[in-house]
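Shared chain: chain A. Partners: chain B in the first complex, chain C in the second.
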Partner chain A sequence: MAYAVEIQLLIAGLSNGSIYALVALGLVLAFKGTGILNFAQGELVALGAYIALFFAVVMKLPYWQVVLLTLATAALFGAALERGLIRPLMRAPAFTIVVATLAIGLMIKNVLRLSWQESVSTIPSPFAGVLIRLGEININPQYLWVIGCTVVIMGLLVLFFRKSLIGKAMRAVAQNQEAARLMGIRVSRVFSGTFALSSALAALAGILVAPLIGIHAEMGAVILKGFVAAILGGFNSLAGCVVGGLLLGVLETLGGAYIGGTFKDTAAFGLLMLILLLRPHGLFGRAEARRV
Partner chain B sequence: MSDDQAGRFRTRLAVAAVIAALVVVPTWFGSYHHFLASLALINVIIALGLNLLTGNAGQISLCSSSFMAIGAYATTYLFAKLGLSFWLALPLGGTLAAFCGFLLGFPALRLRGFYLAVVTLGFLEVTQIVIEQIPSITGGVRGMLAPRTSLFGVKLSSDLSFYYVVLAMAIAALWCAHSLLNSPTGRAFNALRNSEAAAQTLAVPLARTKLVAFVVAAFYAGIGGGLFANLVGFIDPTEFGVWTSIRHVVFIVVGGLGSIAGSVVGAVVLTLLPELLRGFKEYNELVFGGLLLVVLIVMPAGLVGLWPELRARFRRGRPASPRDPLERPAA
Partner chain C sequence: MFRSRLLAAILAMALAQVSFEAGAQGGVTADGVLIGAYGPITGPAAYVGLGGRDGMEIAINEINEAGGIHGRKLKVVFEDDGFSPTKALAAVKKLVEQDKVFMIFGVSASNPTVGTLEYLREAKVPNYVSIASAPQVTRPFNRYFFRGGTTEAARYGELYAEFLTQFLLAKRIAILSGSDEFPKNEGDATERLLQKWYGAKPILRVEFKVGDKDFTPQLLKIKEANPEIIMTLGLVTEASIIVRQARELGLRQPIFGSGAMVDNALIANAGYAAEGFMGGWLTPLFLDSEHPDMVKFRQAWSKRFPDAPKGRPNVFDLLGYGDMHVVAEGLRRAGPDLTREKLIDALETLEDYRVSEVATPRTFTKWHHIGNLRMQMMVVLNQHWVPLRWDPKRQSEILDDYKK
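What follows is the complex of A and B.
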């Protein structure tokens, strides 16, 4: 087959992109819902991976239980975080929010580094040792699993926001807090729910990426890729996040293979600069008028 | 002598006394304390620059450690590998950092708040990668030795002699920051922070003022980086990661945003404090993060903000605490 390598790279890129998309989804959900841009989102990814590590290695639970329990724990943590530390800052200016969420991330990172110092640092993948062969194409099934999970989550999120009452309440709060409050929506609960969801998405990214890159305290650096994906997508639509994430993942992987490793590492920042300078409202967004 | 003149005389006397103390007192202490004091003063220089940019001009920057890195690597490369005089290499390193600040300032002209934070975070990441990718100049991940410089043919091998160099630089930096804040440009910084639109209607050149703020902050950090490399004797990219940048932000937030005294107090206290609490070294980030959160929520004006607040409480029985650290009238 002529394009075997290209197809393998494309799948790897889509898989990386899916992770970026999940991070971006968490960022944008929280930002749209509460006006807080969470600079600790990267550390929430790492936290999710460590929680999964705990369930898998210490409790020795099977994979599917690990996933469900991790998502539930992460959601609880997200809600607690919102209630305890984020809510006092809800109306604070951008600078305070940036610095405060960075501080939260720093503390999470420190705790993670202190709490797990053993050598085992990845969760066993359910697909360990399996390799899918299609003619000349070799595919790591973990890649397909990552892509599949992201697609399913995306579908579930769309259903959640369209059909469920909680999802509708979240959308209402994102549009207009005052009006939502007047309609009898408990805005503070919606905030907690939003952070729970956002934190669970981050944890899912952590679980999915762990078998590919291992678990370490520096995993949080992925937040930058999440930012780029979210900004590519215009920072307001969930579909935009996914497209932005996949685009970034594929570009990085293909560029890294054909141009060089440095390109792979700097592509995200270059793309970020281009987008912010040329189309600050994202690839699909519209410019907003600013009230002075 | 009028009251005004007397007041000015007293201020000058106090400044002279403080400088004399800073010169004399260290001779009673040992080398380790000289090293610490130099580190604190270097952090003061960096915090002064960052506070002008963030506290006065209102521009979020999470990449002060990158400018520090640029200054440190450029100075060390010019001095140790090209054999240039350190006293030429240091300002050149600072200038290179300032130039990079100028370049970063351009996209920053169009961005505000969250987006600016993201871009500066991205810039930090790229600087790290570039340092790792050009080992012929920077030594890559393995780092680079930075031999101590000499002055008038005398090698400044003792930490005390180098402390005096850093002290002179810090005083110069302080004086420059003070003059800048009292100049039209400094007042334009404060106007910018309070309201860009209002500043613009008052004919403050928005783009130029922001660029100046970025350039000044980057130059300060570059000089600080050059001195840091020479003090420590060895640099590698991990010194200049996001953690270092956040520490710089903690300096100015805890000290007091938009205040020169705040930069000095924050940098000195938070450089020395971890040394006193050395048993808790592994909890460093936890302590700094917690401190940052508490200060942001409880006392947004920082340590120096406590003084007028205490005085106000003493006089009127009621604190006058503003909520937003960046939207407070210029002190």
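What follows is the complex of A and C.
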């Protein structure tokens, strides 16, 4: 079949890109909602995967329960993190908070490493043993599942921010905390909610990617690609994150195939530089207008 | 003036004391021998040092419970090197100068080990290393340095090339290797020897970066080249993904992997895609073998460490265990009048010595201190690692340099 190789590359690229998109969504959500750049987002992905591992392997629960329980646990953890560690620092300089999130990430990573050492584990895919075959094209259904979940999540998030009262409150807080407070919105609750949502998104990325790449303490390194996806998308728009993530994933895979496996990142980041030179605020970003 | 002279005098005396102590036969008393050990037990390579340390402790327990050696019990002071050459050197200096140990037992990786060699050679302290395998560790020959369980990095290339072409009878080989130092060296050595010894230059060599999670581009290239066998070099995290993706993309060829990939994590993660995967392992038996010697080792291990973390004991436990027994045999042969020079002479008499079948036999001579040149090839069968009946026949070139 013509283009069989290209189609397989494209699907693999879109699936990798979806994970970057989910990480980017979590980053942008927390940044928009609270003004905090959460450097622990990558480790939250790893933590989500380990929580899922606990429910799947130790408690032996079925996949759907694992997903729901993991998301709920991760959301609680995110809210607790905000309440216990981030909120007391809210009045500190922005840089201090960034360093604090970095420290939180390191703590999570080291706790995971101490308790699981260097072993790699995995949770079973809901599609274990199933392979989609179309002529010469072989597709792991988990790839399609990852891509589908990401697109649906983005749609749900857009609806949530446009239609629901909580979503609107979050947007109000993001725009102007003082005004939002005067309107009767409890800003601190919105902060907790934002962190809960952002942690749940990270955990979802962890659950989705675990059957594909395994679970280990170094999973958090995905944050770098998440940042790139978010910047590509303009660091402001949810759709931008998804487009940025997918673009990065596809570029990386095609770069690996046509330039060489070790040049994967070089090809992808080279193109990122080019796009940012042409559109400094990303694909979906706009320059903030400031009155002087 | 007087005070600074006094200070200088005290310092000079202290320094003289240190160098005197370093040169003397420290660490041996009527009822004990003090051994200094180091390795990474924190940081990214902690699984190496923790394994090495715990395996060594189990051996020491066994030796002491059997009455020790010539009436002396073995005692160990352990220092963490955090996988850093400078910390390893500081640890070794502390062990020699402050703790006054009789000898050093290293369970660290190559980089930290290299940092300690010069100092220990000058201090004339026997330095037995169990794990580090880079050529810089063993070359040039150094009377005070011994390497046990692991084999020389270049030896992997010899073994892989012979196994692929002489046992599996493969001629069209594709190599998929990591671009970092260790897999790159292994890949280069294999490629060179495949061509030099057997005229079977690999038909394709593709690389990936450490931390890569998707190998679709490389595997599709391999599929296009259509080799008889795929050889992959890197870590078990990478192998788990490579094996699964290869089968998903319709590659049916056998896959052979490097030593680090022979790990139960591969089976746990890749499941039935891992069936038939082959790789080299540094001891004759795999960890879950039902051979009585391995059962005995496992029992001793879980008695000493009842709450084992996942993935333990690992290969480094086995290496540390086997090598501490080799040291003990050296101490035994050195006789009751123990000195450092006598221990070295005694170790040089060991020929194919091992405590049991959990370890490969170690041989040392007056002209080389490379204990092991063997590897056991393993295959995944019914979701277990099973040893393959194959022994290399071709003479290794590794020792030729030492003979000259």
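What we mean here is this: the second predicted complex is superposed on the first by the 266 of 292 C-alpha atoms of A that agree within 3 Å, B and C clash if a C-alpha of one lies under 4 Å from a C-alpha of the other, contacts with A are read in each partner's own complex, and residues count from 1 in each chain.
In the analysis below, a contact is a pair of C-beta atoms (placed from the backbone, for glycine too) under 8 Å apart; a residue touches a chain by one contact, two chains touch by 3 or more.
Everything quoted here is computed from the prediction, not taken from an experiment.
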| task | Using the superposition on chain A described above, determine whether A:L131 touches chain B (first), chain C (second), both, or neither. | result | second
| said: Quick check on the superposed pair: does A:T122 touch chain B, chain C, both, or neither? Answer first, second, both or neither. | reply: second
| query | Touching A:H216, do we find chain B (first), chain C (second), both, or neither? | reply | second
| query | Touching A:L89, do we find chain B (first), chain C (second), both, or neither? | reply | first
| request: Using the superposition on chain A described above, determine whether A:V5 touches chain B (first), chain C (second), both, or neither. | output: second
| request: Classify the contacts of A:Q65 with the two partner chains as first (chain B alone), second (chain C alone), both, or neither. | output: neither
| query | So, does A:L37 touch the first partner chain B, the second partner chain C, both, or neither? | reply | first
| said: So in the superposed three-chain picture, is A:T262 touching just chain B, just chain C, both, or none of them (first/second/both/neither)? | reply: both
| First, second, both or neither for A:N16, with chain B first and chain C second | second
| said: By the touch definition above, which chain A residues appear in both interfaces, chain B in one complex and chain C in the other? | reply: 113, 221, 262, 265
| message | Which stretch or stretches of chain A touch chain B in the complex? | response | 37, 39, 85, 88-89, 92-100, 102-107, 109-111, 113-114, 221, 224, 227-228, 231, 262, 265-266, 268-269, 272-273, 276-277, 280, 292
| note | Per the touch rule, the chain B residues reaching chain A in their complex are 54, 58, 60, 62, 107, 110-115, 117-119, 121-123, 125-126, 129-130, 133, 197, 243, 246, 249, 253, 282-286, 288-290, 292-293, 296-297, 300, 323-327
| said: Quick check on the complex: what are the chain A residues that touch chain C? | reply: 5, 8-9, 12-13, 16, 113, 115-122, 128-129, 131, 136, 138-140, 209, 212-214, 216, 218, 221, 252-254, 256-258, 260-262, 264-265
| request: Would you mind writing out the residues of chain C in touch with chain A in their complex? | output: 44, 46-47, 50, 179, 206-209, 211-218, 220-221, 224, 236-237, 240-241, 248-250, 265, 268-269, 271-272, 309-312
